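We call the chains A, B, C and D, going by the order they appear; numbering starts again at 1 in every chain.
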Amino acid sequence: MKITVELLDTPLSTAVCQPALANEGAGGIVWFVGTVRNQTEGRTVRRLEFEAYTPMALAELRKIGEQACARWPVQKMVIHHRIGTLAIGDIAVIIGVACPHRAEAFAACQFAIDTLKQTVPIWKKEFFDDGAVWVAAHP
Amino acid sequence: MSLIFKKRTLDNMELEVIAYGIARDILGHPHLKLVVATPLTVAALLEELKSRYPAFRELASLAIAVNASYATPEQVIVAGDEVVIIPPVAGG
Amino acid sequence: MKITVELLDTPLSTAVCQPALANEGAGGIVWFVGTVRNQTEGRTVRRLEFEAYTPMALAELRKIGEQACARWPVQKMVIHHRIGTLAIGDIAVIIGVACPHRAEAFAACQFAIDTLKQTVPIWKKEFFDDGAVWVAAHP
Amino acid sequence: MSLIFKKRTLDNMELEVIAYGIARDILGHPHLKLVVATPLTVAALLEELKSRYPAFRELASLAIAVNASYATPEQVIVAGDEVVIIPPVAGG
């Protein structure tokens, strides 16, 4: 399978994603690993929750993979996104892209995370000591 | 929760709208049952939601997904469609 | 330590590099993983050998880290480069960069691998069925 | 292997040059011992190497490292320096 996408409610790791990129022809693999930051605009984040509209989120993730494959010579691509409750330092998302050359892998990986943040129906709620907010909800 | 709105003397249909994230908080519930006049476009549904729940107007964006795909404003919603309110996403 | 660089004659892995990037403030980590390709210009590569002028290679790797830190808000950076004999699919280099925001991490990681290929005194010999060549030696 | 070249009536010094990769193949040995007239610049050393081993002229690039740093052409090599021939690198 060229494109592998998953939503998981258990900890993510590149080691688990790795087999999805196995490809003797690949020269360059670029990974993006997004983690939960301990601060947002100076406020201390205690934990966060991701919720997803699952069937559409999976479809949109796959669409990102297909768009990347149309624009760059992607050999393999994997996207794992976490859902549920995450602690500081936990991995929220992993995107791995294997291409024959590194510039393509960088471009495709950056496209994937940029697009994911714009289109995939996943919502993030950050919990502070004094409340919680839905991230990016308001302008 | 049920809201009924009719704008025209056309057939009505029952519609259930699903809400995630802050949209669910705004509705106060993950589902909203509507009886709507047909044909119902996505644009008309969005207008109705914003008029009934002004908090939707304050969001950075608001989209509707029909059958797990982003819908265009002109798209007509028909009986049996899975209709989901998509407030600003924040994955990654 | 903000910048960690190593030359290793044993298999590389991101899992081994990971602790060097541990940082609760990081929002985006980008990894570049370069593997041994099975072909070069249509010829089948059987194996390859890397040799390094070790003290200078380590100094140049560290310099790349320092330059990246001067240009982007790098929180942590790790570079592991393999030396010795490698088989197809083996990892030749891993570069990991942790930054507050992803665009910076992508830029710094790409800068690092681009610069590494231009400046670090490591030489690669590819072995084919019918001979061997020093990669990039001739124009 | 030892080569002696003197261009001027100045002091001589012994110099050992280390070679890696294809530079070692061109020399046929990882070390080259020279007795050179001083002062010796990096540019002069490169010219001497290219003149004695024309295969160096065919490389995509050729640099000299002095004490584990890239040296400029004007840099003067002094006794005790670690001098390394750097053919085109290909890490990564």
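We adopt the following convention: contacts are C-beta pairs under 8 Å (C-beta built on N, C-alpha and C of every residue); 3 or more make two chains touch, one makes a residue touch a chain.
Here the structure is a predicted model, which is why all the values come from computation and not from measurement.
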Given chain B and chain D, the chains that contact each of them: none
Gap in Å, rounded to a whole number, between the CA centres of chain C and chain A: 23
Cα-centroid distance, chain B relative to chain C, in whole angstrom: 50
Geometric centre distance via CA averages, chain D-chain C, whole Å: 27
Residues within chain C bordering two or more other chains: 34, 113
All pairs of touching chains, each written as two labels joined by a dash: A-B, A-C, C-D
In the complex, chain B residues that touch chain A: 18, 20-22, 25, 58-60, 65, 68-70, 84, 86-92
Residue ranges of chain C in contact with chain A within the complex: 14-15, 22, 24-35, 37-39, 88-89, 100, 102-103, 105-106, 109-110, 113
Footprint of chain D on chain C - complex, ascending: 34, 50-53, 55-57, 59, 81, 92-93, 113, 116-125, 134-139
